[in-house]
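See the structures that follow.
Two complexes come next, and they have one chain in common, chain A, joined by chain B in the first and chain C in the second.
Let's look at the complex of A and B:
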């Protein structure tokens, strides 16, 4: 294998890097006139990148096993691409406004950089590359969280995020160092064979995992979530809740399967408790939130618990359903955030009581929001129902009946708070509802895409089959 | 023959298009779009039928084609649900029937529904119905059929309730939906039982006649019958619901509240024969493995046809007469299937049933459209407001007469041939049943000509404005449908559609034919004497008063249903369940809510907003988990 072939295997990263560098240069070089076209160019270029990396290639590895490729990674990367693309579509109108106009170059550059970091995390075969990916994904994200320069809350959220990220990276790195110390290698393939039930290694294993749990925001590593989600600009929040969380969940799953297969019993016990606590705590906190972004933060915590329910089953079916769940979750959550972003940018309102009577003035937006809530709550026949159903059956198949029962009870509780939003929009009276507003066509396109997916993804059986076919072998 | 996919896609596209743009299109444009798409569907269907019957024959047998079959959902190792297109003699025949009647109804409605509010919605629903019905007959497996079966039910509900401001129409729509849905529940259970034991939904496997498929279903006993018998009987219940067999027929007469062209399409020619089609589709299973169920089907059909014919005699609303006559005629088709065997001459009943399905669709659609034309002119459904219409409405009169002669079974009209085959088949099976069905045929002739003479003969009634013939868009379908009504009997049907797929030459049983023609003529003559020139209103002989009253009330079947549902179910059973629901189920849920509420207040302090606390919880959590894993 020649040196060049290595790059061929990691062509998705190379292509993304090209996009990033092009956009950086474009932003620096272009004059005032050219900058007008910056956002359309960025979105279309990224769409092109998504399209060119759509077809899975054959599995392989590069740079002596540092970088690993498997067809299912194309699926997960494409899902992240699609989610990022939807977020870009939803962000355009924010950066067309005067307030944020000068920051749009950085926004796209930083967002795509974190995406590159996630790519590396997903494909890494070595702890070093993994850590580089993790940091590349975290640090620009902190900048993005603090992106609203004039908003105190945003700055506070940014500070919290970077401090806690650093803290969790420290613990994770500590775990890695012990793994290295006891196995003598940083390659996943070698570490996985050297792992035994030595207490030092188990401790290292848990320290390492806690770094990932932080990213996925499992309880008790979740406390940052609500504050950061609320403080960050809405499009960054949606990125955090969908792309960042989705990639971390996928990485967690592959690492547990591939790297820590020997610890199957340990991590199943661990996840068992974490799932119960995460779903329940997420739900209990979500019940009382007034701010929609904070509310969705807690909802996303409990959703992470459901994702873990697929991971714990440790089977091919579980793996397939996790990917499917993330896929559906992307569309449901982004539909909600698209509506929030549209309303926030015009009126600055993000509280649930503000949404009272929204149906009278904005029936279409209310409808999209309703579908998003239904799908997140898992009401049939929307996609969210199918994904929950599949996750539950994957867990039940492996005998985790108690967990499934607890999860189902929690689903009932979650119905209450998801429907609270729907009730506010459709039933509650309001003398001064949010006035009728029209979002730009880019945002509308994203909402149409999400709505279509919510309605139809659950009905198209081949999607699950397709994921299942690619999931073998990890 | 992959192009048959367009038979499905075109009506679907037109439904979506008309449904989405209904407010933006003019009446004329939406009518034209719907009709044009149906015209293409009809041409495609004719072409497909031509190609199929000309070319798809190896040796003496017609082949089953599956131009398309995609796996839709995988449900375990062997079981999967497919979506596809199945072409065999009966599905191709149904394509022709559905597209012809639907096209005629589309054209007819251009005139009949002119100026109605919701005209676009009407055409959108017609397209949806056509799509669902086509999907039903083209299904490759029983699950796909069930899906389209329900879609057909939904679109029928929408069309019956089209005049949604009229309370009777809403009630009728609900009744039709609930009754057929009730039957569909049994259908679904039947499907599940069948697929559980046979591990397949596929019609090809089910009807191959291979006994190995049913080995397990036959050997499993449940309440004195094998699982297969249960499954096939339950599936028939579903068919009986859609095809309005006794005692599930109660929805069909009420469904006449919908627009008349809808009655012609749904409640005469297409949807109501879905049950017959279902039995025909699974016929090899019935005849080879569960002959006892088939026998039951024959008796249900025979009873229903007599029962409905008796009620039809005393109805005064012309559409209800036609509704009960439809029930009776579907009874004929069921009987024919029920008495049929599989091969050669013994398979006569199957052929006759399909033949009658075909001819009946044409002449019954014609009758309904003719009745619609009369109603359009007179603005009433009641016979007493009609009379002497033959002069004002010559085209309606002549075409209606053609159809009446056909349904009465007078040669050389189409109904004569198909009904004669059915009677021959029943005589072959059992003379008693043959005599019974011949009597029903006589009654048919009587009540149809009672209808005919009351509408078109007798004294002319006073009307608010002068009567005139309906517009061309309405008379054209009448004339067009009169052609198959007149000549349809000469189609050598046995060459195309038989139980074992082998061509069969129809022999006329002169004895049976003679008797049935004579008895039909007697019926017509009595009707003529009583209703052609009624000097005084027809009085009911005193001995039959009780019967007359009972028949006018449709033998109190609706009342029995009301008694069972309202008095017994709602009062007795539902009350108890309501108590359980309110106190036990709601109690649990409320308890859950209270507990949740309590906890959520208690744990609020965790989310303090202080980052030191967050980091501390993080670290403490990690250490706690490590300790737990290591020491427990």
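Let's look at the complex of A and C:
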């Protein structure tokens, strides 16, 4: 195989890198006039990148097995691309204002860098590439969280995020070191065959998983989530909650399947308890939140628990439903964040009581928000219902009936707080609701895309079939 | 196995393991008890260094024919340096906003 073929296998990374370098040079070289076109050029280029990497290729590996490609990775990468694209559409209006004008080059550059890290993490076949991808994904993310230089909350969130993320990757690294010591290799394919029940290895396994659980924010490791989500700028919060979480959940799943297949019983027991705690604690804390971003942070913690329901089954159906769940979750969550971002940039308000009477002044935005909440809660005709249904069926198929019952009970609890937002918008009276506002056309396009997806994705059966064809189990 | 654990100089691999474990738990202890952001960062660095020692020792003693572990340690050092640079930048930003770098001040968000 020639070197050129090697590069073709990792063409999604290469094309993303091209986009990043082009945007970096464009930001540095362009004059004042040229910079006006920076954001449209960035968005269109990234859309082009998404389109060129749409079709799955044949499975293969590059660089002696360090980089592994499987067709299902194209699907998950495309989903991350679509989510990032929607976030770009939603954040354009933030950087049109004078306040953040000079920072927009950095924003796109850093966001795409973290995306590149996630790509590497997804396709890695070796611990070194995995660790580099993980750090490439989390270090620029910390700078994004601390993006508003003069905002105290943002600085605080940034400090919390970088310290805790460094701490968790330190523990993960310590776990990798013992895996290396007990197996003598760092390739996933070789390590997985030598995984046995030796105590040192089990300790390494626990350390390694704790680091990953931190990224997905399962419950004992969730304490950073709410503060970071509240303090970060809204467009970064949506990126954290959708792209970062989605990629981490997918990586966790593939690693558990490929690397720790011998530990099936151990990690199923582990995940069993973690799922119960995650869903319940996420729900209970979401009940008492007033700030909408904080509320969505706890909602995203409990959603991570639902995603883990698909992981625990360890089957082909499990992987299919996890990917499908992430796909639907992207649109539901981003629709909510699009509305929050539009309202926050005009009025600076992010509390649920501020949304009282929103329907009288902004019927369209309230409608989108309502659909997003219905989809997140899993109400019947919308996509969220289908994804929850499939993920429950994947867990039930493997005999986790108790878990499914607990999850269903929690879904009913979650209805209460999702509908609280809807009630504030539609039913509550307010003398001074948020004035009527007009979102810019880019944000409107993203909201229309999300709304259409929420309504129609659940009805299109071929999406699930398409994912299932590429998925694999243990 | 017993011969493997002792090199020519007579330092067993377990001695190195003990050092790395002490550094690791010193890092964790420091991370939980220190109230200053810089000290917390230094504690995190201790954790990363403990892992580096492990990689080097395992490679040298258990798998002397290969070089994977050494390379991993080198890459980790570079990545840890990046992490420290970004963390210090963020801590400086905290210092500008709050006037000092104590953790107890970072309590604007709660609940």
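Quick note on the criterion: the second predicted complex is superposed on the first by the 471 of 474 C-alpha atoms of A that agree within 3 Å, B and C clash if a C-alpha of one lies under 4 Å from a C-alpha of the other, contacts with A are read in each partner's own complex, and residues count from 1 in each chain.
Note that contacts are C-beta pairs under 8 Å (C-beta built on N, C-alpha and C of every residue); 3 or more make two chains touch, one makes a residue touch a chain.
These figures come from a predicted structure and were not determined experimentally.
Engineer: Regarding the shared-chain residue A:413, is it in contact with chain B (first), chain C (second), both, or neither?
Structural biologist: First partner only, chain B.
Engineer: For A:167, select first, second, both or neither according to whether it touches chain B, chain C, the two together, or no partner.
Structural biologist: both
Engineer: Have a look at where A:214 lands relative to chain B and chain C in the superposition and call it first, second, both or neither.
Structural biologist: So A:214 only meets chain B here.
Engineer: Have a look at where A:288 lands relative to chain B and chain C in the superposition and call it first, second, both or neither.
Structural biologist: Touch partners of A:288: chain B and chain C.
Engineer: After the superposition on A, what does A:181 contact: first (chain B), second (chain C), both or neither?
Structural biologist: second
Engineer: Would you check which partner chain A:227 touches, where first means chain B only, second means chain C only, and both and neither mean what they say?
Structural biologist: both
Engineer: State which residues of chain A lie in both footprints, the one left by chain B and the one left by chain C.
Structural biologist: Shared contact residues on chain A (touching chain B in one complex, chain C in the other): 159-160, 163, 167, 171, 226-227, 288.
Engineer: Note which residues of chain A are touching chain B in the complex, please.
Structural biologist: So the residues of chain A in touch with chain B come to 159-160, 163-164, 167-168, 171, 199, 202-203, 206-207, 210, 214, 220-221, 223-224, 226-227, 266, 269-270, 273, 281, 283-285, 287-288, 409, 412-413, 416, 461-462, 465.
Engineer: Once bound in the complex, which stretches of chain B touch chain A?
Structural biologist: 71-74, 81, 589, 592-593, 596-597, 599-601, 603-604, 606-607, 609, 611, 613-615, 617-622, 625-626, 628-630
Engineer: Applying the document's contact rule, which stretches of chain C touch chain A when the two form their complex?
Structural biologist: Those in contact with chain A are residues 24, 27, 31, 37, 40-41, 44, 47-48, 50-51, 54-55, 58, 62-63, 66, 68-69, 71-72, 75-76, 79, 82-83, 86-87, 89-91, 93-94, 96-98, 106, 108-109, 111.
Engineer: Touching residues of chain A toward chain C in the complex: what are they?
Structural biologist: 127-128, 131-132, 135, 139, 142-143, 146, 149-153, 155-160, 162-163, 166-167, 169-171, 173-174, 176-178, 180-181, 184-186, 226-227, 230-231, 288-289, 294
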